[in-house]
Amino acid sequence: MSKKILWINPVTTELYNQTFKEEYEKVKQSDTIVDVVSLKPAPGPIHLEYNCYEGMIMPELLETIYKAEKDGYDAAIIGCFYDPLIRAAREISKKMVITAPAEASLNLASTLGESISIIVGRDKWIPEMKENVHKYGCINKLASFKSVNLGVTDFQKDHAETEKRIKQAAREAMEIDGADVIILGCTMEFGFFNVIQRELEIPIIDASLAPFKYAEYLVEMKQKFNWSHSKRIGYQSPPDKEIHEWGLFKQKASL
Amino acid sequence: MSKKILWINPVTTELYNQTFKEEYEKVKQSDTIVDVVSLKPAPGPIHLEYNCYEGMIMPELLETIYKAEKDGYDAAIIGCFYDPLIRAAREISKKMVITAPAEASLNLASTLGESISIIVGRDKWIPEMKENVHKYGCINKLASFKSVNLGVTDFQKDHAETEKRIKQAAREAMEIDGADVIILGCTMEFGFFNVIQRELEIPIIDASLAPFKYAEYLVEMKQKFNWSHSKRIGYQSPPDKEIHEWGLFKQKASL
Amino acid sequence: MSKKILWINPVTTELYNQTFKEEYEKVKQSDTIVDVVSLKPAPGPIHLEYNCYEGMIMPELLETIYKAEKDGYDAAIIGCFYDPLIRAAREISKKMVITAPAEASLNLASTLGESISIIVGRDKWIPEMKENVHKYGCINKLASFKSVNLGVTDFQKDHAETEKRIKQAAREAMEIDGADVIILGCTMEFGFFNVIQRELEIPIIDASLAPFKYAEYLVEMKQKFNWSHSKRIGYQSPPDKEIHEWGLFKQKASL
Amino acid sequence: MSKKILWINPVTTELYNQTFKEEYEKVKQSDTIVDVVSLKPAPGPIHLEYNCYEGMIMPELLETIYKAEKDGYDAAIIGCFYDPLIRAAREISKKMVITAPAEASLNLASTLGESISIIVGRDKWIPEMKENVHKYGCINKLASFKSVNLGVTDFQKDHAETEKRIKQAAREAMEIDGADVIILGCTMEFGFFNVIQRELEIPIIDASLAPFKYAEYLVEMKQKFNWSHSKRIGYQSPPDKEIHEWGLFKQKASL
Amino acid sequence: MSKKILWINPVTTELYNQTFKEEYEKVKQSDTIVDVVSLKPAPGPIHLEYNCYEGMIMPELLETIYKAEKDGYDAAIIGCFYDPLIRAAREISKKMVITAPAEASLNLASTLGESISIIVGRDKWIPEMKENVHKYGCINKLASFKSVNLGVTDFQKDHAETEKRIKQAAREAMEIDGADVIILGCTMEFGFFNVIQRELEIPIIDASLAPFKYAEYLVEMKQKFNWSHSKRIGYQSPPDKEIHEWGLFKQKASL
Amino acid sequence: MSKKILWINPVTTELYNQTFKEEYEKVKQSDTIVDVVSLKPAPGPIHLEYNCYEGMIMPELLETIYKAEKDGYDAAIIGCFYDPLIRAAREISKKMVITAPAEASLNLASTLGESISIIVGRDKWIPEMKENVHKYGCINKLASFKSVNLGVTDFQKDHAETEKRIKQAAREAMEIDGADVIILGCTMEFGFFNVIQRELEIPIIDASLAPFKYAEYLVEMKQKFNWSHSKRIGYQSPPDKEIHEWGLFKQKASL
């Protein structure tokens, strides 16, 4: 039984879609089919550092998810460490599983270690992310947030500089804050976990790889045991009648 | 110094705008100017019981807020008890104060009593609202959520029935769950607090009146002491450059 | 409808009563009548840094509150950041609203920011105040307490020195502890918020102004909606019979 | 080394002093000397169900404690389950240890069981007591408060009725709320623990006996290891200079 | 790359080893090799309802784990919902990943729903399991524990009766306690999840299947990204020198 | 009524048994009989820094406790600051009370101060101990863990060095972390509390003395009021039938 997974970069640039797809092809299970899309129309937010940018791309994000279910995907991943609109995505998905970077990374980190630090780009991100650390039950295991003073779009500009900053922040998290596991708290921090992990010798979790693999795991749970998001209370789906009358979610053509 | 306040019904119906405005005119401070708007375009969500409906109206909501600041409002209120996108609204408001029903009602309730129950329409609403009860620091004071099994659009259909159900739920909250203060957890539960309060003899907080008055209070804090939302971390504003390049928030004509 | 508000300096010196009254006259709403009293008899505590001093002035404080209600005040404010005996004050007030600096300042701070630091005079004060931060639901938002090593009666001695110390503490709270809003945790720290706020550009909340304005807000809630302290459980009033038999509260002459 | 312990009934009736003393004589260690006093002057509160009654007796209570240290007592117990003014008492005691019923009973209960219910007289008492359950770190172990609808002065009126009500409440706590240990949350509930304990076969902790024995234990810790209340931060003593200038604590003649 | 997984029934009966192995063969990934063992010597505990039984089998459990790593297993699962000695197992495993039913089931449940109930055999189990619900960060999502009044060895005796009781408890958890996801809190509750899930239409998580699949997932994380238990602090391995000098873990022959 | 108390050094060395016994003889109550034993067989763990060492000595520990009850002890103390297997020990003790260093020290510390630091040997110990700080309700009072970088067996090697390190750590805990009470978090840190306490002038709690005295206190509670561990839920004893059939606990000869 194949697993058809859609990674959504919830921004209006396709710049990294190909790179992400290639990375996922390397690490996917043999029966997984993976696609990577971003949102339209450009110009629009190419990062979501501000909650108001999240707000602006939400209809497009939801339409992408709604369309993905129709197109037969088994899972969709909302590719931003704020996990934007994960509840809404689960509401409109009757068959797909939905996950996102913070949920997946924190669940994994709390199995691998007991004191978690999250490396972010800017202090600005911390309060919203901290709400998620609470929500996902990891606040007692949070050692620290560490900011490297880079924007989302800076991480991939000067790889040596980015690596140096992340490594330094991770080392301080480990040595001063007592972290025994590190999460790179932005999907754009991809490409660095491995070299830092080898040097620091503690798990460094990549926020683009972790949710992709967690999605595969969740799809397998769905396929084998029919364990999927509960539709009883908080993830209940809206009535089709309202969706149709209000013309919601359906404007998108095929992905 | 006048206070110009905008109540936003974040739905695509104007059905209750006039009623709300009239209510606010009755209870406002003398120097307050109040307007009530809803969102466009119809057809679209006329309630936000589902998080995915919240998602769909978010750009319009943000544009309304962005426009409100330009139009000289001192405060904007996001008129839904989920307090949708309150962080985003505070980011894009450099001068306006922003509040919403759950924040205002919970702050007031925790000054008036010590054990709070929230009367909701459906169980579906509880998990998202509970996240806010956590966020606003009231989880230790939460006695219960009570559901009356009515949708947002049902509350004003049969006033006798609605009153009966809310009163019954409030009484159980008081007598069984030990609540000493009640919040009516939907702005559409307006019109009932007074009669129930007189009967049960505990504060029954109306979720459309409380945030309106809290907004007046916050505007006064801003005008007299320049105490307003901190722009240092979580409510930092996005750079104008990005807003302009991506064409955000500005599509709306005058309110 | 006028609002008659009594600020109680719960100490046996009248030294700052006039200053406070003048400050409140400047910032009050037009329909507010404000009085400031302190306690008798002198000599007695002129500050409440120690919980045992709080204990010693409590009967006089309660009598003042009891008398205030008879004299027609709409609100009484217990003017010490420990919020001493706020429950007792609410018990004996059947019509007045009661508030105090920590409650008012923390409620406001948690609307304005997400990470709160409190500037105190001495470390001694912290444990008792921390109990209140818990009680008022703000412990998850507490960035730090910072002590400036000054007693209550020192704050107004050398204004330049006090300002320097508070500013330095506030700056460290902001830059090191990550605070985005500051509370000056003693009513005697009055007179400094404005200059520090302009320099640090985050809200600096004054603990004598915040509760005064919160009292006006609460009185308006009472007058317009009859929303006042719940008398059902924890703020229940004692039976008049016992008050009379035991001769409680009534020894005081007119204020 | 003898242990001189003072139990303070913080009320203005001597009605139960002799009974308490006789009970303590039966269960004390051989080297313990125990005295029981109440407060003056009568008429005054003969129970402290209301926080405002607590407020009224506080100076007398503090003076009694201050005098007790001068009279050479090794421990003083504030005999009310609200643990009124325990911080103040520790401030003014430089040599004595101070404890109170809630602290002692909760510490013991959390060693004996894992799920604690507290039997109170009226719902009114619960919010103030719950603040103490938080403070003493037992909130996660709290199964329930159960009210028997009796005032403090009712418990000893009709022993059969009181026993019946407490037993019924304790049984419900055990069978419905899952308690495995019960605290009788008022010192006036004395005389009942034993018979109910034998019947229910779980520990029923008496709030007058538990703190007396805990005081003996604490005195021994002081005498043998000099482990006593830390004077570094929250229990710091006020300066003698202020005490003398303001004439505090010293009005009391010998006990 | 194959995944060699060992399920350890930490009891001294082999009664269900074959059944478990057959179940795992049905649901495993194609490249997984699974073995099921129990402990020696019999007679000994055939269930671990009591913590003292857990204590008695711990050396044998650790030896089994120590041996498993030498035998080339990639993961070991401690097959009891108390997750006994999971820290110790992670200490002595330098290459293997370790998981257990409560960790795996709670992580999954908190992704699938927001309000979790756990169906246990007896009330006796609850306090120890509740400590784990805390540890795994799910206490805020815990709706209830429900006991069906069956011992571990009773679950498989009368399938119709067991199914009836579990279904009834799950239904009450859902309808009364508000659970939207259920965990069957004992590995011996196997065989029932599917039929109950179909009827109640919320996820019913089987505590023997969930950790097996979570182990496969964790092994994949280890194999592909070298993300495994952090050895820096709490899961640090003991020095080989001590293991050898004290003759620890090595008594076991091949599995 | 005499109190027969057994201190168990849960390690396979008798090296400090005599020293401990002598210390307890000095500080015991006159009617207390104290014995100190360690475990067999040697060679085996002589410290329990690793949870896997705890696991290996558990049967021997339980057998020692089981035997102790038969031998008429009134209390047994599990002499390791991890409080290993305290639940199991309470299960198998029908008459004895059981305590351990972390429980006893934390209960005492939270009565003596409000901000607790724990001096440990290595960072490795912290996560497991922190779970206990949570369990015992002291997490809100925890100022810090401080590690002195010494193993359990190092503390008594070079007394001057150990004293220097502990004193330095305690001083930092007090001055930087704000602790007002210190716990020496290992029974092998004995012999240092007094000199450090005199110098720092805050309570320094010794983890071998505190539980011994707490055991005396608990025995007295048992003897005078029959207040002992509740057998209703979590500390329920296993059925004798299973103990006998499985040959548990009884292999030990007399102590």
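As written, the chains take the letters A, B, C, D, E and F, and residue 1 is the first residue of each chain.
Definition applied: a contact is a pair of C-beta atoms (placed from the backbone, for glycine too) under 8 Å apart; a residue touches a chain by one contact, two chains touch by 3 or more.
The model shown is predicted, which means the values in this text are computed figures rather than measured ones.
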Chain labels contacting chain A and also chain C: B, F
Interface composition of copies chain D and chain F: same or different, split at half: same
Most distant chain from chain C, judged by the mean position of its C-alpha atoms: E
Of all other chains, the one whose Cα centre sits farthest from chain A: D
Between chain B and its twin chain E, rotation from the CA superposition, multiple of 5 degrees: 120
Centroid spacing, where centroids are CA-atom means, of chain C and chain E in whole angstrom: 54
Distance from the mean Cα position of chain F to that of chain C, given in whole angstrom: 45
Multi-chain contact residues (two or more partners), chain A: 114-115, 123, 126-127, 134, 140, 178, 233-234
Touch-based graph of the chains, sorted into line, ring, star, complete or other: other
Which pairs of chains touch, using the document's own definition: A-B, A-C, A-E, A-F, B-C, B-D, B-E, C-D, C-F, D-E, D-F, E-F
For the chain B and chain A complex, residues of the former touching the latter: 12, 43-46, 49-56, 58-59, 61-62, 85, 87-89, 91-92, 123-124, 126-128, 131, 134-135, 233-234, 236-238, 242, 245-249
In the complex, chain C residues that touch chain B: 27, 29, 99, 103, 107-108, 110-115, 136-141, 174, 178, 180-181, 193-194, 197, 201-203, 205-206, 209, 213-214, 217-218, 220-221, 224-235
Chain D partner contacts - residues on chain B that touch it in the complex: 114-115, 140, 178
Complex contact set, residues of chain E against chain D: 123, 126-127, 134
